[in-house]
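After this come two complexes, each holding chain A, first together with chain B and then together with chain C.
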Partner chain A sequence: MQRIQWFKWLSLVLYGIPMLLILVFPFIVMVSTSFKTLEEVSQIPPTFIPRNATLENYREVWNIIPLAAHFRNSFLLGVGETFLIMVLGVPAAYALARFRFAGRQPYLIFLLVTQMFPAIVVVLGVFRVVVALGLLNNLAVVAATAASFSLAFCIWLLVGYFSAIPPEIEEAAMMDGDSRLGAMIKMTLPLSWPGLVAVGVFAFMDGWNEFLFSLTFISNEEMMPLTVGLFRFISRFQIQWHHLMTGSLLATVVAVALFMTVQDKLTRGMLAISEK
Partner chain B sequence: MTAIAEEIVSDPALSARGNIWRSIARELKENHFPYLLLIPSILCFIALVIYPLASTIIGAFSKTDTVGRAVEFGALLNFRELVRDRYILNITIQTAIFVFGSVALTVVLSLPLALILNQRFPGAALARALLLMPWAAPLAISAMTWRWIFHDQLGALNYVLNTLNITQARIAWLSDPVLAFICVIFVEVWSSIPFMTIMFLAGLQSIPPHIYDAAKMDGANAWHEFWDMTLPQLKRITTIVTLLSIIWAFRSFNVIWPMTQGNPFFRTDNSVTYLYKLAFRSLSFGEGYALAFATFVFLLIFSVVYTRVLRSEEG
Partner chain C sequence: MKAQKMNRREMLRLMALTGAGLATAAYVAPVAASQSHTFEAPNVAPPSAEKVSLRLMVMDYDENMKPDTQAVVDAFNASQDEIELKLEVVSWGQGHDILVTQISGGHPPDLCNVSAQWLGEWDAIGEVLPLDDLLSKEFLANFQPSSIKAFTNKKGQLVGMPYFLDPRAMFYRKDLFDAKGLNPPETWDDVIAAGKALHNPPDMIGYGQTFSAKSDALDYWWYAWFGVIGGDGNLSIWKEDGRSRLAEPEAIEATQWCVDLTQKYKITNEDYTTAGRDEELQPLFYAGKLSMLITGCWFPTLLKKNAPDLVYGLTMPPVKKAGMKPATGFWPDAMIIFKQTKYPKHAAKVLEFLFNKENRLAFAKQRGVIPERIDVGMDPEYAVSDIEKFFVKSLETAHNVYETPWPETYYQTLQLGFEVEVARAVAGEITAEEACKTSAAMIDAANGF
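Let's look at the complex of A and B:
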């Protein structure tokens, strides 16, 4: 017993803590750089804890790049994708969880197959249509393409949450004179609320973190989301790392905070998928 | 309703040619509600997945113009061009090393981490939250931050190495082809550890504790306990999570592009970033379509074989 205790602490100190430090290292660097002045950022050797910590960057960065517009666009992508995933995914997942019908198995397999090709394949195909219809620089197009790409995974998640709710509850409601649709809206949806919220947040984050589609379909700086806006910022002129890291930190904080609220439900949902 | 559906599927007489449409019609008539619910998602898939995929496949076998339109049938023209491409061999090798290297490393690094985090210690909740951060953060932005960390003069990595006296050199991590390739694999691994660890952790927690009791009575040591009891219990989740990770690593764009854009000299490109360059930089859409098609076919075959092998192992 004594020996096991000893081993536990040793492994924690020698492996666990260093690993966790590496995992959060970029975020520490973001924080540290965002409080530095230009002078200190370009100083050799660099510093770790800013010597003259300043909040200047947090004020300046909004004027140097259209950060407010980037935030708005990322937010719109997140909301748009959540909306689409819910409207398209919830009915489909409900049908797959509750009914046994001829097309069920093929559809589930089809969902799996859509996971198998790189998003870039879709980008190439959609790009032509987008150009032909003059829909470049349109956030709705980006949201729709991104949503269609995570839709399959979200449907799998939702099927898991819906299956966990006993169908008898709906049957009872239908006895009381509700239609199938009524029973679904009145009984199953409220009960699966935590799962719906988890998938909604997942979809929002997927939109918030989206990069490839926005990079391809958006060229107007005012319409870029944070990921592409910041990427443009680093490839354009002499990189101002202190400003870049300030913007990056702000973009990251939103995603991480949201994720933490639902991570437990989400990981359990993913585990359920992998057990099938 | 269910019974009818199964009957239609399983009855060989009914699926004879002339009867297929009638049986589909009957199925739709008697069982229409679930199909109605599926319509929105099916329409979405047709417009934004199936149609682009089909046009990519058509494009792969056609001559294309500079905006990617298929002009005329070109048979294997694009594939011939792809094989003649002087970078393609490198890209293929790099993609293979990138995918299998990063997934193998992720598995090897995540399992011990999960075992450690599965124990009770003060701060365990905080440790779990920290673990999840790379997964939650926007990957493209994290990759840019790593680019800053790898900066030769001002970056944090050289600073840490210099301070710890490991080296006094200011290594140009992302300018050297080999180092840069190691760096992008490192960041890919960094970004995949949280998901893999959390899945292992969930798998560990679902092992019924009583299976260890008998072993303890037999006096099994901790190593045997891990090797003979814990690992077999994790086998199923490992295989599935590994397959998912391989597929995701094949699709990886958000690490390489923000970090190196495939530089220097195409030495950190994988098939996805190279494809992006083919289409949007050199406007060789035809060759791009061919590469996309090849990647898709490879992943499809790989997944089918992989799941078959697993099934047969399970018996």
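Let's look at the complex of A and C:
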């Protein structure tokens, strides 16, 4: 027992703490830079604790770029992608988990194959379609396009999850008079809650971090999400590091808050999925 | 666990639903497409009484680019009722990719400011509208001849208006030079002497240079080239027949100078393979840790903002020997009209407004850019300090570094190929001669020799 305790402490000191420091270091720099002036950011050697800490950056970033609009747009992309993935992915995964039909296995493999193409390969083709449809500067289009890329992965995750729930539970509900849809909604989905949360968070974060399609389809600054809007701080001859880090920190806080809220369900969901 | 088998009826129902969905989507898409614009961009006249909508895309030089340009766009929209100009601002880092996608997708902006390098690339594939028939000779007579020449292609067509001329100069710490009794760094010997006297890392770096992919890495080779050739020589790196001059002794000498600064005299920053000019070297100068840096005419504006108390001096890029006429260069940007525009005449009208004296004077003052309009350069409101006068005068010997008979291969061969070889030479992996000869052979082969 004593030896296990000793080993635990040693591994924490030798592995855990250095790893934590490496992982946290960029965030420390981000926090520190967000309180510095540009002059101090340029100082060599750099300072970790700002000498003249200022909150000005937190005031200025909202005025230099339409940060509030960027937040709203990123949120809408996250919600939109989550909605699409839930509406399309859950029934698809349910059908693939519950029914045996011709072409099921090839279909599952085909879904996997779609994950093997980087989005950049299709961006030009999709752009032409979006232009032809007159749908540029439309967040719904960005959300739909981004969702089409993560949908396959989410279906795969959910198929594994639904397969682990005994169909007898639904059969019992159907014998009590429920339709298949009713049985799915009343029995299977509540039991799949951790898995659905895991997929939902994944979809939301995918939408929140969406960059490529937003960059390509959106030129109106008021419609840009955070990922593209923050680029405005990188101009040709100067990078506004202090503003860039402040904006990035604010964007990160939202993601961290979301994770903290659903951390428990997310961990359980991912663990359950990985066990299938 | 046991999965259920889908019965035939359910299967058919599902297939029917999917088919109906696909059929609807297939029907809706072409209808919507036919209602929106097509990929071909015919030169059509707008219906009368309807405003023509044009897109102006600008790459931002600094954080004020958007409000400053928006003010010009608002003024234009207010000045007439025929055209509605819409502004889009994008970062330089994303600009090329966005434009390539939009050009390929049949949806480029009507007007855009672009690097001369991109201009060459797109002119070569016929995507840029020649301006000769759209702009009058009287209007063009207002501009510095060197700036108009910079955007005249090998067919003799004017394909862009000079939007951002950025001649380069040597910025040095005058206070330190004066304290040590050093000559301003006007010759290579001056640079070596000052570097030896001042280089004391990490507190002070003698001379800043970089050959990393992060920056316009070939810049520092060009400065050496200007020093070898001088203002009276032929600054073009192309022979009459279109072959590269990079294997000539002057090019090797220029490369050797870059190598010697780092390897022999050891007076440069150590991160010359990773540093960026804008990301590391300019901030190093603000921080008072760099004594000599060649950079562009935008730098005084940044210095004023970021290091207002720094005492600095300006000279032309140093020449190889005392008595030579110094030379400099610019990496210019142009405002262009894309060939896919539906309204070239209206776009030209916008161009004339953007390039009137009032707007270009404001732009020059806002960006610290050297005016391409002769009257702006002479305006007492612009040339208020010795710095502006210095840069206006430097245009006399400024060479357009993007000048090339081979715009199609410029980026791949010179910008990517040669810069890698120079960086390897500076890092000591190969000799300067090997770097130049390998690159010359590669460039000539790519251009069909």
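The rule is simple: the second predicted complex is superposed on the first by the 235 of 276 C-alpha atoms of A that agree within 3 Å, B and C clash if a C-alpha of one lies under 4 Å from a C-alpha of the other, contacts with A are read in each partner's own complex, and residues count from 1 in each chain.
The rule is simple: a contact is a pair of C-beta atoms (placed from the backbone, for glycine too) under 8 Å apart; a residue touches a chain by one contact, two chains touch by 3 or more.
Just so it is clear, the structure is predicted and the values come from calculations on it, not from any experiment.
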item: Clash-or-fit label for the pair chain B, chain C on chain A; value: clash
item: First (chain B), second (chain C), both or neither touched by A:128; value: both
item: Chain B versus chain C as contact partner of A:5, first or second or both or neither; value: neither
item: Chain B versus chain C, judged by how many residues of chain A each one touches; value: B
item: Contacts of A:99 with chain B and chain C, given as first, second, both or neither; value: both
item: Which of chain B and chain C A:24 touches, first, second, both or neither; value: first
item: Which of chain B and chain C A:232 touches, first, second, both or neither; value: second
item: Which superposed partner A:216 touches (first chain B, second chain C, both, neither); value: both
item: Touching partner for A:148 - first (chain B), second (chain C), both, neither; value: first
item: Touching partner for A:39 - first (chain B), second (chain C), both, neither; value: second
item: Listed stretches 7-15, 25-33 or 97-105 of chain B, narrowed to the one that overlaps chain C; value: 25-33
item: Chain B/chain C common contact set on chain A; value: 41-45, 95, 98-101, 123-124, 127-129, 131, 215-216, 231, 234
item: Residue numbers on chain C that touch chain A, as the complex places them; value: 1-6, 10-11, 29, 32-33, 35-39, 55, 57, 59-63, 65-66, 88-94, 97-98, 101-102, 104-107, 202, 278-279, 282-284, 286-287, 289, 296, 298-299, 302, 306-307
item: Chain A contact footprint on chain B (complex, rising order); value: 1-2, 5-6, 8-9, 24, 27, 31, 33-38, 40-41, 44-45, 47-49, 51-56, 59, 67-69, 109, 112-113, 115-117, 119, 121, 127, 129-142, 144-149, 151, 153-156, 159, 162, 190, 193-195, 198-199, 202-203, 206, 222, 236-237, 240-241, 244, 247, 250-251, 253-254, 257-258, 271-272, 275-276, 279-280, 285, 288-289, 292, 295-296, 299-300, 303
item: Touching residues on chain A, where the partner in the complex is chain B; value: 4, 7-8, 11-12, 15-16, 19-20, 22-27, 29-30, 32-33, 41-46, 48, 84, 87-89, 91-92, 94-96, 98-104, 107, 110, 113-129, 131, 144-145, 147-149, 151, 155, 180, 205, 208-209, 211-212, 215-216, 226-228, 230-231, 234, 241, 244-245, 248, 251-252, 255-256, 258-260, 263, 267-268, 270-271, 274-275
item: Chain C contact footprint on chain A (complex, rising order); value: 38-39, 41-45, 64, 95, 97-101, 123-124, 127-129, 131-134, 136, 163-164, 166-167, 215-216, 219-221, 231-240, 243
